[in-house]
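Each structure below is given as structure tokens.
Next, two complexes with subunit A in common: one pairs it with subunit B, the other with subunit C.
Coming up: the complex of A and B.
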């Protein structure tokens, strides 16, 4: 089985929102200095699921990322977890692509890679949370897409995908090749083993440009965007604290309940 | 007689050869460098810890016991050598010289007997927890006692015939033999002679048998040879520094089976006498965790012997090391506090072995407690080990409003103040950092900081066995520090301090490293800080392991406390080199084994046994752990925990 995992490098989502700044001119987020970028948490879980499939069913894992700057770190991280090959898509022309542009660029790279059985993406990127790239990518490639999965089990030449629902999960059977987006219910991703890091460090990761994957310039970047950012702002969150006092705990509880009902929380 | 000696020598030679072969199933470890330093260290240790029993006498009872047996046997051995030499050179000791010689030898034997009886009483009557008595203990104690007593009987028989009648005044110079001489006084000369001869042979064969027994078994008496050898090859560098891994060539990481240990580590196992001093000092054992350094060493030793007897093709496969001879809970329980190594009379190095075991499960199998994994993931993605509330802060936040120079702005400063992750990110520890900055400013120190750019030193990764992360971090940090031309690092955290000072040189990072207590005590001595106020306060000082036992800094923090007028320092029972860990070392700041008691509770009890109203320390981990201990005891009103620098800040004159 050949699994392709798409990963994205994002600013650390654990950093509190107030520490970010917005550049109003470019409508871009400026992460605080000294905060290293990380692999998107859902994508890391996609890697984890790929590694589990590899352990059980002898798969080959190719990790692919697109982004500016030093994105090799996230690919190395995925390779250290258990990936076999990596590909970096980097070109000035790719910048400011929206979900449609990104999915198109990825699809061109995947066509260049050739055959595959399964494509894994995170359910959404933990920075913009749009959750569109996976589905659009499947659409472009003309393969089935199953979103928000927590497990995958091969069944003959089909895959059983366990899809997270609000009140449980549903099991979907799909032919291969197909695309699955992975949710956090997969569980904690593994820490790359020491040997994994050593082996990943020895690997060369090719960088493919727009020319290498023959993209249509009209479909990428701002030109190919289907969406437009009108406004970008950090929401103001206000908290007020009111301490309810009473002589006894029972009285305080009654007063608290009354207050909660008054503000329509219960 | 000569045949007996030859047999004994042959068996001892065979035993040494066998042990040599067994040590070398381990990996290479070059301990031949700097041989002059090693020889010198060995001479000093031989005099102080060998002949002088410095380490043994830290505990008087077992110390004196060993001292009596050791010195008694040594004198008896020397006496035998003198006897033999004088015999071959045809010299006769005569007159008073002989009488004194005889007296000293006799008394030595009595001392050995006293030692043996103390040992028997301790082992079979008192039965302290740390002693794990096996058959060998009984055999060797009996052997020593019987050899000495038969020696006296033989001497007594001779005295009865040769001296008792003719020179009774000589006989009393051999008090041990004299007692038996009196008893045999009625025996006729012929019977005495026969008995003397039989007993003499019995005595000689018994000694020979004892030597053969010790040579062939793995009796602890082998320590007579192996322990000095271990002391000779011991680590003469800083405490608890593991070897780096070679990223280019490594095929296996850490210790997954016995042959992954180095030969010196196997010699260590061989040298352990099962005395249990380490166990008594171990905070993990004291808090009822599943670790005893004594038991771990003995279990590894048993595994080593089992592995060495295992032959390819034996059924059942090689006995497993982790999960068999030792459990993961055992080596995760270690706080790397080095109390065991400080207590060990034969210089065992427990910590690096434990780190090697961690390395294998962490780096080869990705197996570790969940919180350890969380901590390591944070170090990897975020560059520091903290999660939770600390992630609301960023590294540079503490500098707000202080107008400090960052090296990025100006790297032309006398020293770099390295704040460390904890001092930059944890609220309580940031207070200490701010106090330190005030003190440095008051003394007019020219320092810079890295601010947002400051990474983690890497220490938690190394203690967790995730060496690869530590090495990458260390190499990056060294490149950055050299890029800023940093020569002198002022560290507030003893763990950062230890990494820079003792571990970065492994990767080519050579900096002058000072801990803030060292710098401040110097500043006080040089009169650069004006102490103008008094502090009427009873305090005690908790020695951080990585400052004390790891780096022997005991006096600098105390000098600061003594310089504060009105302050009274009341030491805890366990202090300085015997200090008990706060419980936060060896990555236990980030993960807790929910087994037994909490180490910081035990340490807080130590504090409460003093008159102190404030417990001082000089490590961010210790400070957090002590505060938590105080909270558990609900003593937060009566007892505070402070860094030494926080108290000093209260009494110095601040520049206006």
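Coming up: the complex of A and C.
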């Protein structure tokens, strides 16, 4: 089985909200200084699921990322977890692509990679949270898309995909090749082993440009975008918190209960 | 571009009735339709659902397209995408609205991929720009740290999914008249590549999280699965439910179905008691609609205090038993 995992590098979402800054003019996030970007949490789960499939079913894992700057770190991270090959898609022309442009660029890269059985993406990128690229990519490639999965089990020449539902889960059987988006219900991703890190560090990761994957310039970047962000702002919250103080936390809790009763919340 | 007219709602059905999200979709759909002076349509897909078309009309739809077929009994991505896409190709709506639900999360991005329109997911506000007549779609991004307003300038249709409970539901008006149009001809059995083998409901103890008036939620600061028992005790006392952060669920302390947040459940209880959780924005996104948030946390700088109405800075292990005991007394239990 050949699994392609699409991963994205994002500003660390665990940064405390107080340090979260945006630049309203460019409508972009200003990453706090000294906090390195990370692999998107859901993409890391997609890598985890790929690694589990590899362990049980002898798969080969190719990791693709697209993004500006030093994105090799996220690919190395995925390779250290258990990925075999990496590809970086980087070109100034790719920048500011929306979900359509991104999915199209990925589709061209996947065509260049050639054959595959399964494409895994995170259910959404933990920065813009759009949750579209996987499904659009599947539509471009003309393959089934199964979204928000927590497990995959091969069954003959098909896959059984466990989809997370609001009140449980459903099991979907799909032919291959197909695309599956992965949710955090997969469970915690493994930490790369020391050997994995050493091996990943030695791997050469090719960087493909627009020319390498023959993209139509009209379909990428701002020109190819279907949607446009016209405003990015930090919502104002007007709550003021009344901190209940007392000599001990237990006494404060008693005062809190009385307060809640007084305002008829309980 | 003007060839695209009207608003289409992809309705959802739950236990033989229009789902609450459908009323919310019709509520905002009607408003947008009025602002554009255009028609509001709804697509209903299911089995034995003919009687629901009139309900949808009474909730404001001018046209109800009904695809009533056993193939549509439960959601299948391939079948539903094909029907919705074919209807859009037939009636060319300017705007398509879906719920940010199990169905909408899957259907909307496939639909936009097929139709080549523009999509914003999880919208909390939708409006028509008075000058451009474009749909402005405001949605949380960066885990809820920021809101983004998005437009689709030329691609059509403009598609949005709406967050549940973010928009006012349509009011019933039995006098509202509309047209019911069968849409079975849009079903494409040949489009079905995937098969839903089974659907498993995971039992949760007590009241459903989304419906609870009281939610006691814990994060990593709670410390262990065993420690969650104290939260359950308070939740039971109040007749509420226990929630948790993504981290606490991932640590296996509590089932994933109890996750509150952007990718978990969205709750809006009267009282949300947040214990040992720092208040990551992706968690706040799931509980910010609560009428009153109470936080107990050791860290006075925790973000949760920014959204809470009342807080205790201290060890929950001391505060929670006293809180539970006092509430028990006050409730006379």
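Keep this in mind: the second predicted complex is superposed on the first by the 238 of 266 C-alpha atoms of A that agree within 3 Å, B and C clash if a C-alpha of one lies under 4 Å from a C-alpha of the other, contacts with A are read in each partner's own complex, and residues count from 1 in each chain.
As a convention for this text, contacts are C-beta pairs under 8 Å (C-beta built on N, C-alpha and C of every residue); 3 or more make two chains touch, one makes a residue touch a chain.
These figures come from a predicted structure and were not determined experimentally.
Q: Touching A:55 in the superposition: subunit B (first), subunit C (second), both, neither?
A: Neither subunit B nor subunit C is touched by A:55.
Q: On the superposed three-chain arrangement, identify whether subunit B or subunit C touches more subunit A residues.
A: C
Q: Going by the contact rule set out at the top, does A:16 touch subunit B (first), subunit C (second), both, or neither?
A: both
Q: State whether A:188 touches subunit B only (first), subunit C only (second), both chains, or neither.
A: Both partners, subunit B and subunit C.
Q: According to the stated criteria, A:239 is in contact with first (subunit B), second (subunit C), both, or neither; which is it?
A: A:239 contacts subunit C only, not subunit B.
Q: May I ask you to decide whether A:250 touches subunit B, subunit C, both, or neither, giving the answer as first, second, both or neither?
A: A:250 sits against subunit C, while subunit B stays out of touch.
Q: Mind working out whether A:216 is in touch with subunit B, subunit C, both or neither, as first, second, both or neither?
A: After superposing on A, A:216 lies clear of both subunit B and subunit C.
Q: By the touch definition at the top of the document, which applies to A:201: first (subunit B), second (subunit C), both, or neither?
A: So A:201 only meets subunit B here.
Q: Kindly list the residues of subunit A that each of subunit B and subunit C touches, one partner per complex.
A: 14, 16, 188
Q: So in the complex, the part of subunit C that touches subunit A is made up of which residues?
A: Of all residues in subunit C, those touching subunit A are 77-78, 101-102, 105-106, 109-110, 112-114, 116-122, 136, 138-143, 145-153, 155, 193-202, 208, 210, 214, 238, 246, 250-251, 256-257, 262-263, 265, 270-271, 278-282, 291-296, 300-301, 303, 305-316, 318-323, 326-327, 330-331.
Q: Provide the residue numbers of subunit A that touch subunit C in the complex, in ascending order.
A: Spelled out, the residues of subunit A in touch with subunit C are 11, 13-14, 16-18, 20, 22, 27, 29, 99-100, 103, 123-124, 126-132, 134-140, 144-148, 150, 160, 164-175, 178, 183-185, 187-188, 226-235, 237, 239, 241-245, 248-254, 256-261, 263, 265-266.
Q: State the interface residues of subunit B toward subunit A in the complex, per the touch definition above.
A: Counting only subunit B, the residues touching subunit A are 245, 247, 250, 253, 359, 362-366, 368, 370, 373, 376-377, 380-383, 391-392, 394-396, 451-453, 466-469.
Q: Under the stated contact criterion, what part of subunit A meets subunit B in this complex?
A: 12, 14-16, 19, 32-36, 38-39, 77, 188, 190-198, 201
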